[in-house]
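Got a structure for you, written out below as structure tokens; questions coming shortly.
The chains carry the letters A, B, C, D and E, assigned in the order they are written, with residues numbered from 1 in each.
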């Protein structure tokens, strides 16, 4: 087991409890998806793993997190990146005033394996994301949403992570780009053997590419299983993929109609 | 015995603390000396010394506290606060000796006494020396380099008056300095206007930069009045060992005037000063500072007033001390060794020592030039 | 509203108007009234020495100024490094009258409330002018515009013969119903005068803050683009904030002039500007009562440290240096420690204290 | 009737044409969607309408007013409100305060009344507070009323954005990706709000959104942008079968 | 004409010293968005350390100059560590205020030493005769000062532009959380920024001290004097600091060369920088080279 999150509870500002005993496991080399409603605590879970709770004034009150069988509970971000787990934060937070090239280079600070290696990996990023190769000197702040997401992923990959955590990589991206990004994610997973933990709202595509998935609601994991199984779950189908029991796509025009309750609640 | 309360508020930290620090030590040590040697018999002087960081508002607060404590004599420091508190001194009828020799302190005021000749008198003295010793033809042309405050500007008008009254000199320009790193522009301008003498009235560090720049540009006169070059002269707070410390060799040939004796020219006053410093564990720097002398002298005058009043058997109050000061003339003039002349005060004369001594830097120390003198024009323009 | 307006517990609002109240319970209101009465009565019961009265007057004046600074910096988020210059504008307005019509003209001595008000307007005017760059500048660049004003102000006053080049310009004692305020009662008289003005201004600002004129300040601080989209002109709002701050500063300046019976440039230096900033922060930026805590804390600290270093001077050997150093050292240390451990200022202590007592006797 | 007409606007950023000769009319009372790949200029278009950017060329007209050179606050007073793509809330304030700020122009009292809190001040405050509560009810934000906006989950913040725009009582509402980062269920909620706003409040809506399902289902009219140019427009049906649009944006299913 | 050239040269010399002093502000601002008000005190401290090493410890001045740079490097780093570390993430104004407190503390520490209230000057170690050409003269101190300034500035420019650490320092100022997410240690970056600023301050202190003599008031006032330079250049631009420094130096020299003494003006060099600064800011709100905040709505 590469990552083991055991029963963690997270509080913000000493009072707001957000996670109420979340457990999840990530197998080495797999792609794991974490789905859930807004405010369920997905981002919080990723922050907890990657040691970025502190700047938000949060901490893990209970439970533990193991990465490569080492306890990393409440360790700080830098340390965890060195251990090999890197997160791509929500909302593509690129360094706006740095060029694309500098953004990607900034990802390699923790590396100690020499200038050449880094340079080679840097080039490789442009192979994964050829769009970026064409705009290396542009300020990242002026790049389009998709490009920024690519920069953020490329930047994270420069740290040579064993596990990459992506927080809503499809956020605000046009359908074509979503496809492109997820294709690259799969490719990275295969070629670099990078384990991937991805938080997504777009359940369809997330379940498509992942091996295993968790569904979270109000601070708890409510459903988990191999992605193939979840795709068949009628609740997931209806609530996350918009497929009615009849199998047709539900029209948004009819949203005013009666709402069925989820069975897991 | 009795305790007489005195007080001093000055800048021990902040701007001008380089002067304030030795000054405070001088005052402190001298009063200790008075108490230790029982100069007042069983009575003792208790002088509160307080730092006002050169801020007028704080000085005022300190002063109010001193009044609350019932002081009978007050020592003040800067020009700014002396002017600002003038009204209070009048209302409280308390004799005051400031460390600022600004002539304007005396305007509309009865209770402020300058220990030595005013800045104006000092500058006029320097101007007279220039007029008298100018080499080469024509009227000597001078510029004034002054501090951007009342302290700096005070003497300008008086020097101009003296020139009007017949002093053989032309003031070509008056420049207020800032925090300049480089005075090239100004020095070049002086030269181009034919200026040969620069009278400075400020604190040491701008003068030091000025001297260094003049040396760098090769504009500093090697001897007094060298033609085509600039000779620098300055009033009390521009000079002393601090200037030499700051300007190093560039200070050479700087002319300076004050009413105090200097330890580089030993005499009974300086012996006493050095002994005092030794007794109270002061380092060399403080011991040799002219502002240490400055502080001692203010304390000497204050103590003398008390001694005299006591001798007369009067109660020590603000009033009796004030009267002692006013009576300090003629036979009653106070002769002390730390100054180059006697301290004289009267109803109309609130400048203590009227004599000045000119010094100039020779081989890294201030040496006296000529005998003590009393500037003539400063009386003429009154 | 529940019948019992003495306690918060068990209270709920039934109309939006009730929620507008400044004091939520009678207890709060009564407490505050008692506090006000105490403020007025204590000097009569325990007459302080002149020095302390002066210090207290000073604190109150600083509170007026800091109240203004708090509007600009705390509420509107505009760092001002030239607040003392605005205070100076107020003081020099008074000095202007003293120079033109004579320092003991009845206008200055009898109509002093009017002079104070006019000084406030002068401050507001300069505040608005200095705020104009806010139409284009942001953050520290804007802060530097205020610093520039500080420098230009100092230089101008120093340069002008009219204002005696920064030397103290005297201002006569004022008159009151009982005749001229004598030296003895000077500080006490001004204590009351300043207190009344301060309380008045405090209430006005408090009111302002619960209306659109106050909310827009906070809005431009938080997000001026969004404020723009909400129909507020962000630039003009900032100019207005500066004007408001300038007004308070101007009033404080005139009060300072009267209290010290003179106006000299040294009281309005950059150093003072920084001190005002320190007061605002130690008190608690963006809180009203912080504007009172800050000046009190900083001035008291100054006195305290002065006493300590004096004491140290009496026990330590004559090597003056240590006592000299003690003052800035401890002063800086206190500010730093404060910011390190209580960055939200003293106002936060008050908040914590309140939240403990608010629901008394039931803590839930 | 066309409520907003955009004629030939071009917007340039240092050589890059974010918008190029775009023409568009927004019909009163309808939902018009603007779609296009990332960086196509959708947000820039909204920025031009709401006064954050000023097109170098062309003209924008809203109900007879020329908006081309107006600034955001002027535009908002005319009755155009907008929800931002990258949440632009007042982070340090509660939801309530955020919405109250949107009532700025509706609070009718002067400075003196404010300072002494007398006359219309108190009255006006209370009335507007009532309006705000109505919006809170409408957008189902009751549980968050007094919460600090900064600590709310992304999805809720998005909803507050829309609510705040709505509080401005706009005639035209610009929504920039209001459903980004939401799951299906929440999207449904948001769609419901949008339809309610359009129908019950009779507000014109311009919607920028990447979720084609939503766009196709609820829009009355769709405009497609690519590289700053309008490459197609029409009813959902027309657009979804337009070759150019499919190629640039949708991709083959 | 040589008058003009002399002013020109002096302006450049003074300007480059301004640039070096401004550099310290820029280095800290560039990575942490903090304006370090106590920089003047650090400059003074650097000068005093150099003096102490040279005169009291009898180390040759060339060595002590570098030693003092190294010492202040670590001193400034520990200052950051002790006083500012806890404030990461606090509002800018609080942090600025801490530096104001720091200013007081450093004042206190310096008052503990003789430097607080006594004056010193460096021993003369350059040839006393100035370099003259065509009626224009520059002292050795000034020349060396300019050279050191440009060396240091070139080094730092390269560092921020090209080195990974430099890039990560800029990244931190952009978005701290994102920086942490890729493993950049924010505290280390801040420490480093302060250290670098300390180093540059020592260099500046050494040079200024040589020109003005060692007077605490004069030296630390420099921290405020260079403010307009820092802003004019655009807070976070090293090149900006150089350009603005030289512009200000020239303005001051020409102002006091051509304005003072005419029209009854004097001391214009004090105020003109601020006026010019205001005017330029109205046209370039981010200074000459400061980055424009990218704000996309």
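We take it that a contact is a pair of C-beta atoms (placed from the backbone, for glycine too) under 8 Å apart; a residue touches a chain by one contact, two chains touch by 3 or more.
In UniProt terms, the chains line up like this: A, D = ABC transporter, ATP-binding protein; C, E = ABC transporter, permease protein.
Keep in mind the model is a prediction, meaning the values are calculated, not measured.
Visitor: Hopping along touching chains only, can you work out the least number of steps from chain B to chain E?
Guide: Between chain B and chain E, the shortest chain-hopping route counts 1.
Visitor: Going by the contact rule set out at the top, which chains touch both chain D and chain E?
Guide: Output, common partners of chain D and chain E: A, C.
Visitor: Go through C-E and A-E and name the pair with more C-beta contacts between its chains.
Guide: Higher contact count goes to C-E.
Visitor: Measure off the straight-line distance from the CA centroid of chain A to the CA centroid of chain C, and report it in whole Å.
Guide: Computed from C-alpha means, the inter-chain centre distance equals 50 Å.
Visitor: If you average the Cα atoms of chain B and of chain D to get two centres, how far apart are those centres in Å?
Guide: Centres of chain B and chain D (C-alpha means) sit 74 Å apart.
Visitor: Indicate the whole-number Å distance between the mean C-alpha point of chain C and the mean C-alpha point of chain D.
Guide: It comes to 42 Å between the two C-alpha centres.
Visitor: For chain A versus chain D, what separation do you get between their C-alpha means, in angstrom?
Guide: 29
Visitor: Going through chain D residue by residue, note those that touch at least 2 other chains and give them in order.
Guide: 52, 84-86, 88
Visitor: List, in ascending order, every residue of chain C touching at least 2 other chains.
Guide: Where chain C meets two or more other chains at a single residue, that happens at 158, 225, 324, 327-328.
Visitor: Listing for chain A: what residues touch at least two other chains?
Guide: Residues 142 of chain A touch two or more partner chains.
Visitor: Within their complex, state which residues of chain C touch chain B.
Guide: Residue positions touching the partner: 49-51, 54-55, 58, 158, 164-168, 170, 183, 260-262, 264, 266-267, 271, 306, 309-310, 317-320, 324, 327-328.
Visitor: With touch defined as at the start, can you tell me which chain E residues reach chain A in the complex?
Guide: 89, 164-165, 167-168, 170-171, 174-185, 291, 294, 296
Visitor: Could you please specify the touching residues of chain C with respect to chain E in the complex?
Guide: Against chain E, the touching part of chain C is residues 73, 79, 133, 136-141, 144-145, 147-148, 151-152, 155-156, 158-159, 225, 270, 274, 277-278, 281, 285, 321-322, 324-336, 339-341, 343.
Visitor: Write out the stretch or stretches of chain B touching chain C in their complex.
Guide: 12-13, 17, 21, 24-25, 28, 50-51, 55-57, 60-61, 64-65, 67-68, 80, 83-84, 86-87, 91, 104, 148-150, 153, 280-282
Visitor: For the complex, which residues does chain A have touching chain D?
Guide: Contacts found on chain A: 12-13, 16, 35-40, 43, 90-91, 142-147, 168, 171-177, 179, 201, 203, 239-242, 249, 251-253, 255-256.
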